[in-house]
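Note that subunit A is present in both complexes that follow, paired respectively with subunit B and with subunit C.
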Partner chain A sequence: MAAMTTSTIDRPARAAATRRRGRPRIWRGAVLALAACYFLIPLAASFVFTVHTPGQGVSFEAYTALLAADGFTDSLLLSLSLAAATIALALLLAVPALVAVRLGAPRLRPVVEVMCMLPLVVPPIALVTGVSTVLRWGPDQLSRTPLYQTFLAVQNEEFPLVLVLAYTVLALPFVYRSLDTGLRAVDVPTLVEAARNCGASWPYVVVRVLLPNLRAALAGAAFLTLALVLGEFTIASLLGFEPFAVWIVTISGSQARMSVAVSVLSLLITWALLLLLSRAGTAAATAAPSRDSSRTSRKEP
Partner chain B sequence: MTALSQPPTPVAGGASRRRRRRRGPRTHLAALPLLGFTALCFGLPVGALLYGAVTRTDPDTGATAVTGEHLARSLQGPYLGSLIGSVQLSALTALIGSVLGVLIAQAIVTSRSRALRDAALTASGVLANFGGVPLAFAFIATLGISGVVTQLADLTSLGWNLYSFTGLAVVYLYFLTPLMVLVIVPALDGLRPQWREAAQNAGASGRQFWLHIGLPVLAPSLLGGFVLLFGSAFAAHATAAALVGGSVPLVTLKIADALSGNVLVGQENVALALSLDMILIAGLVMAVYLPLQRRSARWLR
Partner chain C sequence: MSTPTAEAERARPAAAAASGARVEFRGLRRAFGATVALDGLDLSVEPGELMALLGPSGCGKTTALRVLAGFEHPDAGEVLLDGEDITGVPANRRDAGMVFQSYSLFPNLSARDNVAFGMRVRRVPAARRNARAAELLDLVGLPDHGDRFPHQMSGGQQQRVALARALALEPRVLLLDEPLSALDAKVRLSLREEIRRLQLSLGVTAVFVTHDQEEALSMADRVAVLNAGRLEQCAAPAELYERPATAFTASFIGTMNRLPGLLTGGGTVAVAGQKLPVDGDVPTAVRDVEVLIRPENVAVAAEPDGEAVVASASFLGAVTRVHAELAGVGTITADVPSRDAVDLAPGARVRIGLAERPVRVVPSASPAATPTEAAAATATAGAAAAGAAE
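After this line comes the complex of A and B, so read on.
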């Protein structure tokens, strides 16, 4: 509009210039505002839903009653211990393999990469059909052999080891990607040789030289695994266990308000963890690039 | 716990030479646990899945024969419908999510505000991980039958229903769009301003720039992002299970039903065959995605 009222000499050029400068700004603001609405409204609405009962006013009962709720602490503790075990197992398996591949077995590298990436091709629901088929073999065919005891131990209600194994498989692609980016920023052979020449033992090299250099990558891998395990529903529910995510669905029928409250809380916890992680990432400047790439990998939706 | 407290290892010439010779096999050994683990915990279930999908065991005689009937049945009637439903939902949400993600990413990249960029990327990282059960409940509290926004805007009278194909698409976009933002921001950063200036100096309009330079450079990243979104939406089970139960035909829900025995007895093998179908589709997706990702990485250096 402004361009039309100015002098007529260079009107087209001026109009074009205004359009070029003005339009993107409006366009950008509109896009960002709409996106903010779409992403913030569900969060705000969920919070309102948990604290406001129509006709009864505001109360924080859904949050305060949480700790006393039946099964809350049990399922949360189960999920957290599963997460800890999964993180430990995934890192224990992946770190030595990836370091070894860089140090002395480059020919194994494609094998390790394919092995770690394959689980991406198998959706969790497909994996669980396979797992339950294998578990069904137990009573059918192995009931007389000592292996049967292993099958029972793996499915222990208190601490279902089978879930740890399945989650580790699901987490491997993300752990691999995070660690691989971290290792790419570090010259592993030189570091190891320097440390060894100074007389350091192998455990010392790994614990005091390699792992500190991989801190951000390890934190990224651990965060993604934790997010994956805390939110995992498919495998646990189909195998009949009740960790956190399954518990939320179980109580949703009778206590809708509380299930939404727990969902909001779990988002806040994820947010806090990610902030913590990026803090750890900036502290260890060497492996900073691993942050961005590890964020793009994700847990089961 | 300093270097001094560690007993110095003898590094005599003979010892180190012996170590060098031993390093090859020893580094191989460090990769073995990972390979063994994936072979057992990933290979065994997937092997069982394949075996069960293509064989049939006669309950009377116990004889096992190879058959294609499960696969054939998984491609008929309601099962085929669920596969098509899943593909449609995934393709639609991936397409919309890609477009929205690119628009948001472009708005983030072109804005000069560092704070906005950091906040948006962190938020994307969290929201892309905010799938599954909590997301479903957040949307039930927002747009469900007694949801806050539904009641405020009286959406029910407008024909809104969260527990439908459209509703599910709106929910899926909540985690797919941030994922696209994360994937595409590095690619948009890779579009150098010099290219745009060169194009403008050569007399190209904005449209021509995007048509002949921007889009061709971005194409692999765009397509790769689309495929990644498709794969995520296709494999999603928890969100749909917590949200719609069974009212929208999706292959993941059908598999879960068949596994937990909600349908006729003897459907387990159809569940396995459906899982195999899913693996094939997901494998196809990955086969498209990985080369594209490698190609797009070329421009991002």
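After this line comes the complex of A and C, so read on.
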């Protein structure tokens, strides 16, 4: 009897609890659906635009013609090589600097942080104005010095190094954030000391100890830099170069369908590359968990 | 307190002669801004010996170890390893294996690769280094853990792997920087016996930093007590406990009563209504002294007309710690067998008796070595002992 009474009393309470638990799920689903619509509808619309012509039906001609399109391969390869160079340069600059600050001068961390974050508050248009001014001024002033050739070399159309330099500056905030988070998750001083104690030289410590434990952070930094470089338009366009983003805009005037097809394709390529980097980072993170989880104390058998 | 295994003790002399190195600190000084961490530290560690550096936080014990490891450079003084000055030698060429407080295993490497790391640095062929790593993992009791990553092991297991890694290169000196402080009590106890067993069987010279006096007293051949960057006393655990050389050591090691006494000539001191022989040097310049007496050398018996009153009594298992107020002396702490402490409730009148054995005396720090301060010192030491027992 008592059990029955308890059960009778509990039933509405349980039902109310179930309803309460159900509500967040509905809201969660609604928010996710809304976000999916926001991202997917324009994509789907773009895709439909590229394959469907009213009155003529479905055709993938815009995609098949891409490879043969003038400038497609060159601009894509240029963007990818610029991205690779930017990632390499940004990491080469940031990793030693941040490790050195963490190990040797922790008090300088706020200074480095401000310096690395500065590009976020400087609009690319301001940056490119400065860069183009210098590029115009340089040859005039330095024509009789060896630096003249340097000015020409950095503007080589086949591989404009000046873009790599500018993109490195733009990528610095993202690279810094990602690496800083990674360095915070690892007990860098102790790991370095442990490795040094085992006889490792400084380069060995960096290559064999620090970098493997920062793989997730490095992948994150590379991930963001890649996305930034592949989508960057302002600087490249104003400096007169034609990487992928600029090429898309160039052909959009004459071949609207193809330009949208390229945009869809570039999104897919970018996502594929990001997924690749993300998987590399996740694998690294699984092998090298954060400091907190590495200290999880399991029961002694 | 635990004792190392008899087997390991027997193995010690031969092994010690084989690989232990003599370590010497000479006039080490190291300051961090205005804070002086080491203030002219002189200390030597004999080959095959386990020396514990013990002291309160900020006394310089970790700094001394880091200087020996090569992670800190002294402002003055030198470090010698078997007579060779290694003060300027970089950390990676010091031939010293170190176990850190925070495990410090490389998270991306398996236990086997962690142990083999140093050998890999030295380009030992893979087959040899893997065999040696397996041997060391076996030695630390983890023969089946070679493929596990640090996050798949408990704290105690990680520290065993760290110990194996430190021993992998057969270092001339083993450095242990509070290696047990992050572990729970049970694991700490078993691992400290393990460390001592290994150190004895391998005969390696070891320097062990700890703030846990029970750990230091139970493991070390000798204990160096540091205070404010200086060496207070370096002695075998029993001597340190029984014959503290300074008031600081007396307060820091275990619980110590510091009772006001008066030298009465002939090598005796009057304290708490008794006359006791003085052990060791008798101060000649002063008559007012502090008499150092361990709680276990104080007897307390309930008597209606006793001169002291029980202030508090804490049951500690085999003994009950009694704090009694004695007029003109202050608080006296006594450890009474619990079966005899039934009547020693707070407020009970008791008679105090000091064991008739030689006692250590130190000059009164100042006229202020009042009963209140003596009681405070006793309370501090008691708290330290309680902390160590946790």
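Definition applied: the second predicted complex is superposed on the first by the 235 of 301 C-alpha atoms of A that agree within 3 Å, B and C clash if a C-alpha of one lies under 4 Å from a C-alpha of the other, contacts with A are read in each partner's own complex, and residues count from 1 in each chain.
Please note the rule applied: a residue touches a chain if its C-beta (ideal position, glycine included) is under 8 Å from a C-beta of that chain, and two chains touch if they have at least 3 such contacts.
Just so you know, these numbers come straight off a predicted model, no measurement behind them.
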Mind working out whether A:Gln56 is in touch with subunit B, subunit C, both or neither, as first, second, both or neither? neither
Mind working out whether A:Ala227 is in touch with subunit B, subunit C, both or neither, as first, second, both or neither? first
Touching A:Val31, do we find subunit B (first), subunit C (second), both, or neither? first
In the superposed arrangement, does A:Ala45 touch subunit B (first), subunit C (second), both or neither? first
A:Pro212 in the overlay: touching subunit B, subunit C, both, or neither? Say first, second, both or neither. second
Which chain makes contact with more of the residues of subunit A, subunit B or else subunit C? B
Is A:Thr190 contacted by the first partner subunit B, the second partner subunit C, both or neither? second
Which of subunit B and subunit C A:Tyr204 touches, first, second, both or neither: both
Once the structures are superposed on A, label A:Ala100 by its partner contacts, choosing first (subunit B), second (subunit C), both or neither. first
With both complexes overlaid on chain A, does A:Pro124 touch subunit B (first), subunit C (second), both or neither? first
Touching subunit B in one complex and subunit C in the other: list those residues of subunit A. 196-201, 204, 295-296, 298-301
Along subunit A, where are the residues that touch subunit C in the complex? 186-187, 190-191, 193-201, 204, 209, 212-213, 215, 284, 287-289, 293-301
Could you please specify the touching residues of subunit C with respect to subunit A in the complex? 69-71, 90-94, 96-98, 100, 102-108, 117-118, 121-122, 149-151, 153-157, 162, 165-166, 168-169, 182-184, 186-187, 190
For the subunit A and subunit B complex, residues of the former touching the latter: 20, 24, 27-28, 31-32, 35, 38-39, 41-43, 45-46, 48-50, 52, 54, 92-94, 96-97, 99-101, 103-105, 108, 111-112, 115-134, 137, 165-166, 168-169, 172, 196-201, 204, 208, 224, 227, 231-234, 237-238, 245, 248-249, 252, 256, 259-260, 262-264, 266-267, 270-271, 274-275, 278, 292, 295-296, 298-301
Flag every residue of subunit B that touches subunit A in the complex, lowest number first. 3, 6-9, 11, 16, 23-24, 26-31, 33-35, 37-38, 41-42, 44-49, 52, 100, 103-104, 106-108, 110-111, 116, 121-135, 137-143, 147-149, 151, 172-175, 177-179, 182-183, 186, 206, 231-239, 241-242, 252, 255-256, 259-260, 268, 271-272, 275-276, 278-279, 282-283, 286
